[in-house]
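Since the structure comes first, as structure tokens, the remarks are kept for the end.
The letters A, B, C and D name the chains in turn, as written, and every chain counts its residues from 1.
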Amino acid sequence: MKTTILIHCPDQSGIISTVTSFIYRNGGNIIYIDQHVDKEAGVFFMRLESDFENNIPDISTLKQKFEEELAQPYQMEWSLYIGSKRPKMALWVSKYNHCLYDLLSRYNSGELEVEIPFILSNHPDLEYVAQQFGIPFFHVPVSKDTKEDAENEQLRLMDQYEIDFIVLARYMQIVTQKIIDRYPNKIINIHHSFLPAFAGAKPYHAAFERGVKIIGATSHYVTEELDAGPIIEQDVTTVSHSHNIKDFITKGRDLEKIVLSRAVKLHIRRKTMVYNNKTVIFT
Amino acid sequence: MKTTILIHCPDQSGIISTVTSFIYRNGGNIIYIDQHVDKEAGVFFMRLESDFENNIPDISTLKQKFEEELAQPYQMEWSLYIGSKRPKMALWVSKYNHCLYDLLSRYNSGELEVEIPFILSNHPDLEYVAQQFGIPFFHVPVSKDTKEDAENEQLRLMDQYEIDFIVLARYMQIVTQKIIDRYPNKIINIHHSFLPAFAGAKPYHAAFERGVKIIGATSHYVTEELDAGPIIEQDVTTVSHSHNIKDFITKGRDLEKIVLSRAVKLHIRRKTMVYNNKTVIFT
Amino acid sequence: MKTTILIHCPDQSGIISTVTSFIYRNGGNIIYIDQHVDKEAGVFFMRLESDFENNIPDISTLKQKFEEELAQPYQMEWSLYIGSKRPKMALWVSKYNHCLYDLLSRYNSGELEVEIPFILSNHPDLEYVAQQFGIPFFHVPVSKDTKEDAENEQLRLMDQYEIDFIVLARYMQIVTQKIIDRYPNKIINIHHSFLPAFAGAKPYHAAFERGVKIIGATSHYVTEELDAGPIIEQDVTTVSHSHNIKDFITKGRDLEKIVLSRAVKLHIRRKTMVYNNKTVIFT
Amino acid sequence: MKTTILIHCPDQSGIISTVTSFIYRNGGNIIYIDQHVDKEAGVFFMRLESDFENNIPDISTLKQKFEEELAQPYQMEWSLYIGSKRPKMALWVSKYNHCLYDLLSRYNSGELEVEIPFILSNHPDLEYVAQQFGIPFFHVPVSKDTKEDAENEQLRLMDQYEIDFIVLARYMQIVTQKIIDRYPNKIINIHHSFLPAFAGAKPYHAAFERGVKIIGATSHYVTEELDAGPIIEQDVTTVSHSHNIKDFITKGRDLEKIVLSRAVKLHIRRKTMVYNNKTVIFT
């Protein structure tokens, strides 16, 4: 049985050896350990992959021991994941198909260790892609008047399919606060600029207007403030005066795909931790 | 005799063939032609390298003909440079030596086709570098009270040495409007962020605070508005949670050097044109 | 009517102005001109986009004039393409779907200005992708005994569908000499290494074995010698000791997709010229 | 007292907790831990930074305990470094000054935590740079007839100045086997290609000939076989048909500087381990 444990707590002497000894005493072999100390904030972060090969422990007993022997004395916030359980990812889209196609073809070739119970959209346009890949598609239109109904329907679907996290694959609608609160650091967005430059609408137009020589894309967790959540992944590509806005958009699409898929993979592999509106990314 | 001609004018049919015919009729061979049309603005840009090998024309006659036959009918703004004349570049610095060392070692190895008549600084710290390379160093301190005197001294030096353009190699002082006006699109600055993100002071601190995964540097022509002039060159490098502010600064230094030196080279080779607060860069 | 003309010929004085004048005299407006001189080889290259807006010429007359007035006196090799005609691209695949999905989703979103008459494979595995996108799929198995039959069937299909160029989207079989001869500089391959390093089979394994810190992908025109044809496009990504061969393969897939699609786009837009087993790429 | 311990040994269960407990029991606080398992080879690698703040141990006792309690039972190869001791780096150069200037200006600004006792060259050309920076310069010419004398003089200087490692900053001469044997994995070379492509002489010429679209530089430890030692760092930059060999060389110089300086920093910080002619680089 493989497990992944994520921990953060106030930095103290001896944490690493205490935690590693705990794992060892309980029959686990540590496969991979990552840690980070934010010295300014005085916070310790750790990610531990362990293998309980021949000594499969009772999970709830293990968790209780961990809580009593480690989490409480060290004031840890922590979570433990069982390796074999695939998280359930909902894909939210609008009209652009490039990120959707990219994620689905990766899913199709076994690159993403998730289940995709459904695709949700505020427009009907991309139903055909869902059909190509045999995945349920739900059209939940959102207008000023139907906002609350839409939110309820979204939440109902999320509950019914026991969704673990949401990927906004160019979902062109603001996600409501209620949903953000229900899925803290579990909604991944792709913004088509190199944040914090060009937050908000029409970033490619703004980038063109400013005459930048490099454009970017940013994947981040969604928080209350628009395009201001913890950044998971960014990438850039060069542009020149010879590119018009349409070229920016086309070049940007390739960035969006790659940046979003990398962020999704990091999240699936539980390699991201959030603290102080920033991410610790264990790679 | 090699010449470089830069032109911009309202876009019209037939410009390219008219200009190329003019060169040919006057005994020149076109070595390299670059052009660009900004379709939105309706502006045509052109850069022409020609060789008047066996038929060295009288320059002032050539210029007059160009003005009458081409510039006036097509409403061109244009300039003609003689290839053999090296422009004179003033280096302005403060306390950081990395960009200065980088430019001087390139100059030293023949990579920059310029003359460097002097290095100017508002601090005495880097005089030793000037001495290492045998270049005159002028210390012009700037304080609230001496601002005007300093400006006058700066202008006097610029005039005395017939400076063509200024490179601010981490000059940590705002250049006065009078100097900007005297050297329009001829003052090259390096800003240590990926503009327009993190304009102004302490960009590495701001980038660290925001938790970005990529940092950058931007070289631009200095205009009235701080860090908002036409961008010549940008580049970026990746960072992670494991880098602290000092790491950002160290990694950033390498970017600053490379971005500034590229911008300086483009300017020296007359490969930059400015329009609408943006650059056309012919590479 | 928009046209693109590609020319290469011995370098001589006056070519640019002669060609641009020709276009102008025949009612065309030059939209974009690219040229290059290989000084060592003494060869001149040119790509001309022209718009014959109000004066649509008779194409065969235009071609004849060009041949007589320009091509013969300047010993040009040249070709003229009409902008509105989409080239016909055959996709050859084997078992990997990532490049296929990538190209088809770009095609689907209008990014590729081609027709795709069919997908051909030596294996039946990817027929389902062809079906997803509604494109005919032909399974032409290749074994030692059936090599000649397969080649005949391949050529028959190419002729029947009037294919202009072939994209080997991870076609894991050597293309026969007869087909290479029929489609000179018209077969685009993607090789999963940074050529010339790791030519031949299993490049990711070889790269892993050597302990490189960067892996790459290369798109090139297919010639007689394996993986040695003119390079169109290359890109790379970083790897580390923490990546195993499977990681190399996964990371490499993203490179292969992006590099192949860029090469295909350059070819479609007639931005590639081949000379001396190298490419001139006009961007 | 800060220490860095590097370990590699056959992979076994419980190593991490055993080592971390050892440090803790001996009064150390683990600041940073990096580990890697090469699963194919069955080898475990670890790098441990520890701080013995209030309990400064006797180093030789600590080493003896480590040897008995850990190294012997686990068959470890290991080394322990005291943080405060700066390694001594010899710079070997020939005629090109770019890498030398780059390293010296970094050294000058405090970026490299080393001592540089001397610069050695087989040519007198760069003595002026040594003088600029006030570092002793030794001219040790190498010819067919004087090879052995030169080697002896090189070794004598290395011994006299107690050199820890050598940086070949474009030293254009093959280092003798005797010296390689004396400094195993302690001689850092910069090769001006993306190895394994274009090993040997004139890599930029070979790259130009092949028509690559990307050129690179590689820093590696020197081993018996030319340009085939363990790779520490690589980087690349794009080129096009418009660049001639001189452009390749100029662009390449920037790569060489950055790649070499990164490799030197990794070595200084003891972040490199060598196994099976490959490196594990802890970043």
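The rule is short, and it goes like this: a residue touches a chain if its C-beta (ideal position, glycine included) is under 8 Å from a C-beta of that chain, and two chains touch if they have at least 3 such contacts.
What you see is a predicted model; the values in this text were computed from it and never measured.
With respect to chain B, maximal separation of chain centres occurs for A (centres as means of Cα atoms).
The chain pair with more C-beta contacts between its two chains, of A-C and C-D, is C-D. One finds 37 Å separating the Cα centroids of chain A and chain C. If you average the CA atoms of chain C and of chain D, the two centres end up 42 Å from each other.
Residue positions 242, 283 of chain B each touch two or more of the other chains. Against chain B, in their complex, chain C makes its touches with residues 13-14, 16-18, 20-21, 23-24, 29-33, 35, 37. Contact residues of chain B toward chain A in the complex are 36, 38-40, 194-198, 210-214, 216, 230-236, 240-242, 244, 276-281, 283. Residues of chain B touching chain D in their complex: 97-98, 101-102, 105, 108-109, 111, 132-133, 242, 250, 253-254, 258, 283.
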